[in-house]
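There are structures below to look over.
Look for subunit A in each of the two complexes below; its partner is subunit B in the first and subunit C in the second.
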Partner chain A sequence: MKNMHDNIVEINNLEVEIISPDGLLKAVRGLSLNVRRGETHGIVGESGCGKSVMVKSIMRLHDESKVAYSGNIFVNNKNIMDLKIRNMRKLRGKEMAMIFQNPMTSLSPIMTVGEQILEVLTAKSNISKDEAKKRSLEILEKVGITPGERRYKQYPFELSGGLLQRVMIAMSMVNNPELLIADEPTTALDVTIQAQILDLMKSVQKSTGVSIIFITHDLGVIAEMCDRVSIMYAGKIVESGNILDIFDHPAHPYTKALFESKPKGSDRAERMLTIPGAPPSLYDDIPGCSFALRCKYACPKCHSTSPKKIELDKEHWASCHFSREFFEKKELLHDE
Partner chain B sequence: MSKKILDVKHLKKYYPVSKKSFLHAVDDVSFSIFQGEIFGIVGESGSGKSTIGRSILNLIAIDKGEIYWDGTRIDSLDAKGMLEFRKKMQMVFQNPLASFNPKQYIGSAFSELCKFYKISRHEMNEKIIKLLELINLPADVLTRMPSQLSGGQLQRLSIARSLLLEPDFIVADEPVSALDVSVQAQILNLILDLRDKMGLTILFISHDLNVVERICDRVAVMYLGVIVEMAKKEQLFSHTMHPYTHALIEVNPIEHPSLRKDREIIAGDIPSAVDVGEGCRFAGRCQYCKKGLCDCVTPELIEVESGHWVACHCPF
Partner chain C sequence: MGKVLFILKRFITMLFTLLIVSFLLFMVLHLTGPDPLTVIIGQKQNITQEARESLRVQYHLDEPLFVQYGIWFKGAVTGNFGMDYIQKMPVTSLIGGRSAVTIGMVACSLLFSILIAIPLGIISALKKNTGVDYVISTLMLILTSIPGFLVAMIMLVILSKAIPGYRSVGMYTNFGEYMARISAPSLCLSFGNIALIGRITRNAMVEQLNSDYIITCEAKGISKRRLILSHALKNSVIPVFTVSAMLVGTSVGISVLVEQIFSLPGLGSLLTTAVLKDNYPIILALTLLMLIIFQVVNLIADIMYTIIDPRIKI
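Coming up: the complex of A and B.
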């Protein structure tokens, strides 16, 4: 049982199906994930792999009249799938908070940023308005929005994207949550501003000890930020492990391919390795391994049998029939 | 070195924001592109890089300056005069879904262009088959709607369409920014192939240093409407001279977690380009800024070493 207490988030066999105008979207397909207390856990995946659906499920932010969940999500040892929405609302903000890709659309355009932080504070705890305002100003300065007094009275349109993302971080951290979910928080920002925001998130984590789930498609950002990483493909985690294990000994062909297709170096005579084709549609059933169609190592078994999780090392696992061989860097014998 | 094919001289483009103030999108930019090279422009949002791309193709009217294509001045041409040059110069945009008419089959997006330029049906079919082969897509994509194809497929088609008239020069404006990494590599390889196999000259606009380093020959770094540094790629990355270029390289995401270190992160936001006064545009964020010099006197872009241009009063 000790394990349970080390993990702030534990997802077991989660499936999320969404009714959409185009049919039933099976966005998450039997996903398991552990996030340890105090760590930054990166989730990498391409667009449409279900990563945002997965984290929104942790917050239960989907329109539940159109979504069917199965499986369990434990946050702080509470199975949030069992909670009533009313109780869920109490957890949001206090135990877990989320920041999104586009801060402009995450904030109300008709309220000053200060009021929005104040609102979050007073909604979640019993403090006087004066006290709340003092705290709001404090946190604004803490996330580097200075001078706090002036910024407090400004509307979102008066601030730049980088400053707005700082406001989002301030808002999410104002009630000291234990878990922060960041869904592509720097994708919409310029590189110099991205570096500032990443730096801020690191220092916030240092001072509060918050656990962070960091979603991104950028392996460079993962390398910069995360302690552990999970690679997501077609609604599942296909590989998970410590950051160095994943970068140095990737054991899933998709992880390997992601690293190989990253533009690096400057030798142009050599072409970059690419992943042929496109990810499968999540409306369809996928027999066997979901990556088999694009995988250069795929064999008949891959197309028919879904691979199991293979433990490779302490806390490093991958679900590919040949993970062990990749991990040990053995040559695969079959050549198809 | 091969010959100069495109010459941009003192290009200026101001957008009015009110009666008296102007946004200096591009402010006195000069550069040349040589035949067969991939010339990169890198910069953050609002640096004017897209404005330059569009100005070259005469998609927007410039305020001042001259643009020469192979010795002919093209910025002053009207739409009719531009027709001949459009065959030689084409553009690929960032968002492939927005570059195709959502209610038009891919095939007719191609044939429309051929009709306009009076290319016979027979010749057109031959060309399209060749192009599809080049971009590695099956012929049945021609009977699809844009919404039925993926971003990567559409971007390849968008490149193919730009090649239909057999241009000599392509402006690629952030062609891979909207794509996932695995697809990005396909497009970048395609662009390199075009250069090597068809001898195209390419202006490649991007905000991603890794991509630029991977595929360009020469690179210009832009900040707030001006070029701050321009050099051969190798020079630019191994012997960086401008503090802004240095800052960009410093904040570029690392390749491996073992390279983590305390970085010098450039502070502040990109300032507004409205009514920029005298002085270096980067002075406000520059840690090496010399008061009384950098904030009052605009540095000129000068050739410090052979082929290495810098606009800074105190370069590294």
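Coming up: the complex of A and C.
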């Protein structure tokens, strides 16, 4: 916050409301987030907590006849909420790019993968078709799809999920964007392929210095990939900080609960811990802390007042009334 | 290689179908209808017995039915469909002179319906569940609900009132006149199809616009135009093609009525008079011609699928 130029993405108090057949879905509820230039920032949260809605808002990919935004999103110090959608299109694919969960369905089935990469190049700059094709082949080889010449002419149905995700990465990186949003890029892939894709993303980041927002619900992937991580719950970031801070000193009960529900070792006798209950419905207003109903530390105050952001350390904050106590690993007074 | 084999296979199937249909039709006509000789003799029923006999021989009616079919078949293979019973002219020349009208009309109507229906379908899909969509859908519903012949009659009235020199009878002498004569009936013919093709386009587009790869396209930042035309539309055309190909068949059928109303000398009127007057050779030849058109169009559609969608293998 102090130095704006350090941040590639800065989201202030974002609210996203979606008109759906079931009513007004308040998917993002006053969310603030900073992503620093060159870092990999993980976003963790349960399904339906608004992670995807939030990142799609960064690219303004929602159907805007059905979505109301409030708050600000700065990308590269431009408030993209002020941009006309026409200008937004110019930024997409050039300054920011996105890859998705299911590479099998994320590419047009009737166009060769090469052409789909080429299309991004020709849409964004005035290069000749030959030059664009040359660059498309180069990037295909760079993401490990060889021989590029042959793969270029193949259709998505002829490639495996892992290769398609590589194509997606090639396509998103072909114009050297400064921001790459990865919305659960490995969830649909099997474990060995997952590892390869993660390695590829790491090496791409190393060579280009791109900032990555990495959404996942796999804490192991976060530990492997990210510099910083933000924990999301019911449309808000509840805790954010360096990866080590969060893993060593979780200061929000939800973060703590997430770590406790991670499978440990191979001990089958011990039951995996779960978080009781279900996240609150995002159609309703939530008085107080959104996690209070499932929180084992909740006190009357939690149900009535929503907690403020508490700065715990440099770059580490959490929004829980008792964050300071958790952070310092003190016993809570009312803890049974 | 696969494609050539596929086309060859389809041709063989087509010939086989033609053989069976022609045989059944030949038999049904000759076994259930009136005696061809009475049709051939027509008004002059009091001709001499000799003349009667010579006609019988000339039209091979003295042979057993199976042999008659054999003779017809032999001729048909070489492109000779025999003489018709009433005008005593070669069937091929009768059809040849009139097919330009019908084929032109069906082709034009298909072109009109595609040119009108696809943009309407796209707009409808893009403006899904808005006023524009409802207006287009309602218009389409009205167009399908009105029978083609009624549209033709209304159009004829309007045209002859609005354009003083509009000719709705007689022949054409050059291409300009030909187009002027067939454009209005083609439009009539296309009305019912517009609704169907438009509806299919809309639904296919809605489905495609909701697919994952469209979000990817949005995230890639390509123009909306490119997104709609080279991605969503290109992925939607297969059902549109299927329906259009099938509509060729029904259009040929409906053209019978429209030709009558616009008094166009097409195959439709030839067929109706032939049916009314039991002119068997024409009925046979026209039925087979329509069958061939229908099958060829479907074959073309099938080949187009494989060009559009690489996942379809033949």
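Here, the second predicted complex is superposed on the first by the 326 of 336 C-alpha atoms of A that agree within 3 Å, B and C clash if a C-alpha of one lies under 4 Å from a C-alpha of the other, contacts with A are read in each partner's own complex, and residues count from 1 in each chain.
Convention: a contact is a pair of C-beta atoms (placed from the backbone, for glycine too) under 8 Å apart; a residue touches a chain by one contact, two chains touch by 3 or more.
Predicted model only: the values in this text are computed from it and were never measured.
Judged by the touch definition given at the top, the superposed model places A:206 against neither subunit B nor subunit C.
After overlaying the two complexes on the shared chain, residue contacts for A:223 are found with subunit B alone; subunit C is out of touch. In the superposed pair of complexes, A:124 makes contact with subunit C only, with no contact to subunit B. Once the two complexes are laid over each other on the shared chain, residue contacts for A:314 go to neither subunit B nor subunit C.
Contact with subunit C, but none with subunit B, is seen for A:155 once the two complexes are overlaid on the shared chain. Of the two partner chains placed by superposition, A:329 touches none, neither subunit B nor subunit C.
Once the two structures are overlaid, the count of subunit A residues touched is higher for B than for its counterpart among subunit B and subunit C. In the superposed model, A:261 lies in contact with subunit B only, and not with subunit C. Residues of subunit C that touch subunit A in their complex: 211-213, 215-224, 226, 230-231, 234-235, 308-311.
Across the complex, subunit A meets subunit C through its residues 59, 61, 89-94, 97-98, 100, 102, 105-111, 119-120, 123-124, 155, 157, 168, 171-172. Against subunit A, the residues of subunit B that register as touching in their complex are 44-45, 150-153, 180-186, 188-189, 192, 207-211, 213-215, 233-234, 237, 247-248, 250-260, 263, 265-267, 269-270. The touching residues of subunit A, counted against subunit B in their complex, run 46-47, 160, 162-163, 190-196, 199, 217-221, 223-224, 226, 243-244, 247, 257-258, 261-266, 268, 271-275, 278.
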